[in-house]
Amino acid sequence: MELKILNIGILTWLTFLPVLGMIIVLLLPKEQKSAIRWTSLGITLLQVVFASILFTKFDRTLAGVNNADTMQFKEVFNWINVHSTGWFGSIKIDYFLGIDGISMPMVFLTALISCVAVISSWSIEKSLKGYFALLLLLDTGMMGVFVALDFFLFYIFWEIMLLPMYFLIGVWGGPRREYAAIKFFLYTLLGSVLLLLAMLALYFSVTIIDPASGEKIHTFNMLAMMNPANYDAGSILSGIHTTWRYLAYVAIFIGFAIKVPIFPFHTWLPDAHVEAPTAISVILAGVLLKMGTYGLLRIGFPIFPDAAMHYLYPLAFLGFINIIYGAFCALAQKDFKKLIAYSSVSHMGIVILGIAAMNTQGMLGGMLQMFNHGTITAMLFLIVGVIYDRAHTRGVDEFGGLMNKMPKYSGIMIVAFFAAIGLPGLSGFISEAFSFLGAFQTFRWLTIASAFGIVLTAGYMLWTLQRVFLGTLPERWNDLTDINTREMIMLIPLGIIVLVLGLYPNLMLDVMNTSANTLVDFVRANAGVAVGN
Amino acid sequence: MIPELKIALAILLLPLASFVLLIFFGKRFMDKAGHIGAAFLGLDLILALFTFGSRMGTEGKWDFTFTWIDFHTMVNNVPLKIDIGMMVDNLTAVMLVVVTLISFLVHLFSLAYMKGDIRYSRYYANLGIFTFSMLGIVLTNNYLLMYVFWELVGLSSYLLIGHWYEKKSASDASKKAFIVNRVGDLGFFIGIMIVWMQFSTLTFDGIFGAIGTGVIPFDSNTWLTAAGLLIFCGAVGKSAQFPLHVWLPDAMEGPTPVSALIHAATMVAAGVYLVARTFPMLTADALMVIAYTGAITAFIAASIAIVQNDIKKILAYSTVSQLGYMVMGLGVGAYSAGVMHLVTHAAFKAGLFLASGSVIHAMHNALHHQHDHHTDAQDVRNMGGLKSKMPFTFWTMLIFTLAISGVPLTSGFLSKDEILAGTLAFSHFTGHSIIPIIGFLVAGLTAFYMFRMLILTFMGEHQDKQRYDHVHESPFVMTVPLMVLAALSFFFFFSLNPISASHGWFFEKMTYPTVVVPAAAAATPTEEFVEEVHHQHTMAMVLSVGVSGLGILLAFVTYFWKKISADAFEKTLKPLHTFLYNKWYFDELYDATAVAAMMGIAKVLSWFDGAIVDGIVNGAGWLAKLVSNISSKFDSYVVDGAVNFIAYFAGLLGLSLRKVQTGKVQTYMILAIIGLMVLMAMYM
Amino acid sequence: MTITLTHFLIVSAILFSFGIYAVISRRNAIMVLMGIELILNSANINFLAFSRFGGMNIEGQMAAVFVIILAAAEAAVALAIVLNIYKRFHTVNVDEISFLKD
Amino acid sequence: MLETILSNLNNILPEVVVTVTLCLVLILHLIDRKNAQNLMLLAVAGLFTALYVLTTQIGLNNSTFSGMLSVDPFATYFKIVIILSTIVVAVMSRFSDEINDEKKTSGEYYFLILSMALGMMFMVGASNLLMMYLTLEMSSLTSYVASGFTRKAKDSTEASLKYLLYGAFSSGIMLYGISLIYGLTGTLDIVGVNHVLMQGSSSQLALIVASIMILVGFGYKISAVPFHFWTPDVYEGAPTTITAFLSVASKAAGFAMMMRAFKVMFIDSSVTSLPPGAWTLISGVHIQNALMILAVLTMTLGNLVALWQDNVKRLLAYSSIAQAGYMLLGLVVLSSDGFAAVMIYFVVYLFMNLGAFYVVMLIANKTKSENIDDYKGLGKRTPLLSVALAVFLVSLTGLPPTAGFIGKWMIFLSLINAKMIGIAVIGVLNSVVSLYYYVRIIRNMFLRDGQPNEEPIKFPLAQNILLMSLLIPTLYFGLFFNELIQFAQFSVQMFGLK
């Protein structure tokens, strides 16, 4: 599967369009505010178009996962090539892009959410040139993470996101923005340095025959790392169920768990969300959180099948804690945004539970939940943003009766809220149901306990709904206006996706199905295979 | 897909169409919205009747199944896929008629009742989505879709209860209804998970077929029982069975027609329908639990209904009690009777609600006339003597009351004593004689409190003369539905034999499903049971007529001839009265336990999250600062002392990272030498 | 008794210790510099002693010569700096010159 | 005799060029004292010539002056680093107000810089213990003076005194160590020492004492804990340009000398079983653990104390201590790839650290302050400069896609390759800690607002060009480090070893 524009692969386009946009934005004079806005919008829209093209052209029957031949829209160029000097052997790093069923939905999601974020940033006034430049850079980082198949490249993209995020929260955020920003930065960096070490350990454990020169070389190629045959006997990570393999897996896990975020690494999330501007919250919840789980699926599970299987129950247990704990915390929040933030913790728990099930339904449910949560929570944060822009407060108890005041707004809100509750007919239900169905087959009691979360979710969601939208409108909000066209434009598409996926999930499931099956089979099959001998 | 099913599909989709139309363009139609909705439902009803007719002619059932999601993988050599679809058998056909008929009548009734409501079109839209989901429940042939529509009726009921959401009480009630139902649905969902895990299919046929061949969850009858009971949890929630019955009375915050449609006739009956559908896989133990749940519910609700004064509250509790009856009926194994009671009850209970609605409507207008906004228009004590003012309403109401009290010649009589006969049979086989006792007791209570309500409302005379003059009979759109339903409350619609339904068409068509439970765990085989029921029938009939007659008599003695003073009774039995009046304090109990616990945990956890989890992490970050601050004090104290090696040595050991940078170059040299010595010391 | 290598080493060791002690205990910058000279010369003694007694090559003595020269150069620079210090601080007590610190 | 000297001369042609240049600078200074510009241009021109000559020497691998100096790829590599940083420092001195205030003596200034450079260039080549001591002193002596260059400033003077005393003291100890080595082996030529030690039979104790005493000298030069104490004070007191120079060039020279000394003296060349590139120490030489401890202490202390600094120069001083810690990790590995990693790190470090100091200097020129609080709102007042500083700091932290990441990456690569996981973990955790104080500066520049009435700061083109020439490599090497690694790995070979 090849797709080139101007003889440049489409994935490269997808990834580096924002950089292009960033350069344009930087070249534009400060005063040209609308020009800057429109450029960013144009770029992100173009991204969405490309993503949609990918989506239609994507071959549902190819699995990918650990097989380079069935990866689609591949692009491989040699990037770094240090000839052998007899010590490390040659260092060869490839610019290796490609997508399969695991990354395709994420790519689409990223494009979509970025575009929505740009629209929702329209009203930003404070040094918006820098704002959009950073936003676009962030976009590149996110997209890169989802398309990179070379660990080194993956890591570069992974880290590129940190700084823009730091500034976006720190400069355009709320009152406690500095604290939130540095907290996010330190947490994520801590995670990624562990990732770095694991990456290096893998690098030295894996050897392939360089197709070009025919010599044996180490590699950062993720797919090569998944192949047991490639491990050198006696290297750090060779063998099976060895301490080193467990340590490496745990290191990688923590790296990703911080992003997800999995209890107890989640405390950066509420702060970051509350302080971040709406658009950034949307990106955080919509895309960044998914990177954690994506990392587990792309790296954690297939590269360390034995460790993954060994730590399956703890993983599921953490998922359970996330679900219940997040829901309870949400129940107690007075701040609308913080409430949604904790609901994210709870919903991501479902993803964890689903993928921990390590069977088709669970895996599919988890992956679908990743996408659905991305769209739903984005809607929720946008909804909070809309009300915050008007009222400049997020206190849940300060509102009431908005239903009459803002009918259009409330209509959309109902869709989003009930999608979050997991009402059938909306996308949330399918993914949650599959996650639980799958998980139940692996962890009976744990799943039953976790399912309690759906009651709690209904509880805090409806309570919030009642406090904010029902009842009578306080005097002070008499001049609130219903949402305007721009806000409609950013909310409606998400709403439609939520609805469509609720009625016809196959649209997404088809894309993931083959890869999910392959992943599950691969992990289960290789869990018992000792690598490197 | 055969044409009959195409029609069924049309039946399903018509209300949805009405919903879509009204939700988006409702504002355009102004007050025509109602007529549009009604029109759609009218058409729906016709189709339903047609389907009913053609269905009754044939055998077996119409089924259409297709693969919704194919996972493209095998689980123990069976391709893993989710099949869904729709089916129409006799039960479905009957339910179709019931739902569409009552929904249609309610649409009509509301034309007048909801006139000039602020959200008139929204109201009709919601009625549409409700009808759609309800029809979905009865048309589906698998638990997945069942669950889907199950949740959707929950949603529409949430929307309709909260129709007047400006009222705190209304929005509270709607929230309560949804969440309490969620609790039940949780069980339902877990049940589904068990079933799915074991059989990798969710269609009724697939599951029952598998069980029939001896495959049962985790190879244990206990798990089979568990699965059944968990699915039953869904019913407990929807059909307001003990202990989840608390939401239904509050749900009366919704408009009265809604109460009639959702909280009396159809949605709450969905639970019973679910049990009926699941009947084949229910083990003896499961049935036992179900029977007791029903009995307890029936009794508790009846006891509460006696002392209520709000006309709708009385009806609400009678509904709960009657639902308990049906569940009990199914629990004891009287399948057809239970289902039949569902249908008959749907008719007369809808009638009762609509009639009460008509009364409330009249009272409202009256009160409105004299600008009285304090008097409660729903309190039976403010009524009385309305008979002559509202003849239609009264007479229809009387018929419904007779029906629910199980007086002969009514539909209620037929279904009720079939159930009672069933309970007798049940006790005969199992020895659980408490069940029939409760059954008859409740029958008596029902007759009593229903007539109490009737008498207080329509007979005697009205206290407020002036208000009385302003009371008028409701318009035709409201009374016509009443008459229709009244007609349906007579026996001949269900069986030509006025004293026994067992040979009527209903029992003919509504045959027992074949039970697939392994013999070891199964309840009494159907044949024996039916046989026994026949023996018990006469006995049951006599007794039931007796107790209900007694109840009615007592009601008249107390409230009409006033031979016995109700107040005196109240006085003497004060504690009991308050206990009942406060609904056995269930709400208080739950608030004090479940709700309080939830919020408590939530508060604690979120504090924990902020203070501890976060604190620990931040703490780690600042550890360096801490250490060096502490040690710096110590150090500055020591450094001020004489310049001696040990002191510096100690200072260095004390991790005084920063304070050693004293600016005194000789200090540095000393430290360097110490370092040197330490390094050397390591090798000696 | 005959003077052996050991004696020289002991002397140089003592000298070295004195040097260290002077360096860290004297307050006057000049004295500190003297201490440093002692250290250097103790090293010189080693060099000479080793090349004389160890039956070794001339390298050691050559080293000593270089060190002496270097010491002279160092002294020159040092004195210049100390002079400058005196101009600024009107003292040459090293422990009073501690404005740069944490 | 004479022709041997002459023949040797073209081996040290770069040094000769530098020497000539510094004489010319002195002469020019005598001719007219006013014109600092010409002096700078002359110096830079000379340095570029030297650089050119150096490039012709790449690949040269022999020893000269009867084994006193070796001219091998290793030396050449470091000489290039030194010359490059000298050029940068020379140019940036032109923009430094501190230096320009000393108009009359600017000739001496460039003379000092050049002679420091000269000393360092000899250091990296020195392959004889005596030579090492002499060259070390040569660069030190000039450094003492240079750090006290701005005589009017008390800080500067104090700095020079402390530097002098501490330097002389620790080099004295080193000399004593050398004398002991001489006693043990009867030679000062490091290759010779190696041969003697290989035969064993030399007193363990004396060897340990001697080697650690020598370590003191090196430790002082590369400011490794616990021999670092002079660093913060001197770095803070000395003129920013000199601080920058010390933090990069003299550290590089120190490292080069240390690496050469330890490798050549203590390597056990008889062991052949090892994988290519790895090597072991002669039994009884425990320098590795010592280095490990030093490395861990150095980076940890550097980072922890840096958390507390409010003076940016002092903060960077501690940061440079921490950086030295990371580089020491490269030595601990005891394999050529570790050395290569260190060498790569130095090139990266050259750009990012000089860049950071350069920006600090420029800002100090305008705001007359090095206090971190005065950096508030700079992001608005001078975006380019602030962004550049941000990049340099991020690079110092070691985040992609900056060159700093590649430096750290290579270090950890070699650590993991040697299965030294634990110490690698300490290393990465340290880099997380370091993020905190680097970001403090960034935060003040962008997240905090300064006084309302502050007007934007503009900088002349020339200064921006220098900035760019530091910024661009910092980013470029972050993504395209092929040649860099290639060249470093080629340059690891020393004279007298395979």
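A, B, C and D are the chain letters, set down in written order, and residue numbers restart from 1 in every chain.
In this text, contacts are C-beta pairs under 8 Å (C-beta built on N, C-alpha and C of every residue); 3 or more make two chains touch, one makes a residue touch a chain.
Just so it is clear, the model here is predicted, and its values are computed rather than measured.
Enquirer: Going by CA means, which chain is nearest the middle of everything shown?
Expert: Central chain is A.
Enquirer: Does B-C or B-D have the larger number of C-beta pairs in contact?
Expert: B-D
Enquirer: Measuring centre to centre with CA averages, how many angstrom lie between chain B and chain C?
Expert: 96
Enquirer: Counting in whole Å, what is the centre-to-centre distance of chain A and chain C, each centre being its mean C-alpha position?
Expert: About 66 Å separates the centre of chain A from that of chain C.
Enquirer: Give, as an integer number of Å, the spacing between the C-alpha centres of chain D and chain B.
Expert: 78
Enquirer: Centroid of chain C to centroid of chain D, CA atoms only: how many Å?
Expert: From the centre of chain C to the centre of chain D is 27 Å.
Enquirer: Of all the residues in chain A, which ones touch at least 2 other chains?
Expert: Touching at least two other chains: 186.
Enquirer: Which residues belonging to chain D are in contact with no fewer than two other chains?
Expert: Where chain D meets two or more other chains at a single residue, that happens at 161-162, 165, 169, 173, 232-233, 305, 308, 436.
Enquirer: Give me the residue numbers in chain B that touch at least two other chains, ranges are fine.
Expert: 621, 658, 661, 663, 665, 669
Enquirer: Please list, in label order, each pair of chains that touches.
Expert: Pairs of chains that touch one another: A-B, A-D, B-C, B-D, C-D.
Enquirer: Can you check the complex and tell me which residues of chain A touch chain B?
Expert: Against chain B, chain A makes touches at 186, 263-264, 266-267, 270, 325, 328-329, 331-333, 342, 360-361, 364, 401, 403-404, 418, 423-425, 429, 433, 436-437, 440-441, 447-448, 451-452, 454-456, 458-459, 462-463, 466, 470-472, 505-506, 509, 513-514, 517.
Enquirer: Residue numbers of chain D touching chain B in their complex, please.
Expert: 161-162, 165-166, 169-170, 173, 205, 208-209, 212-213, 215-216, 220, 225-227, 229-230, 232-233, 286, 289-290, 293, 301, 304-305, 307-308, 433, 436
Enquirer: What does chain B use to touch chain A in their complex?
Expert: Those residues of chain B that touch chain A are 68-69, 71-73, 75, 80, 147-149, 151-152, 155, 158, 162, 165-166, 168, 171-172, 175, 178-179, 182-183, 185-186, 189-190, 192-194, 196-197, 598-599, 601-603, 605-606, 609, 613-614, 617, 621.
Enquirer: Per the contact definition, I'd like the list of chain C residues that touch chain D in the complex.
Expert: Within the complex, chain C touches chain D at residues 12, 16, 19, 23, 29, 32-33, 36, 39-40, 42-44, 46-47, 49-51, 54, 56-57, 59-60, 62-63, 66-67, 70, 73-74, 77-78, 80-82, 84-85, 87-89, 94, 97-102.
Enquirer: Of all residues in chain C, which touch chain B in the complex?
Expert: 20, 23-25, 32, 94-95, 97-102
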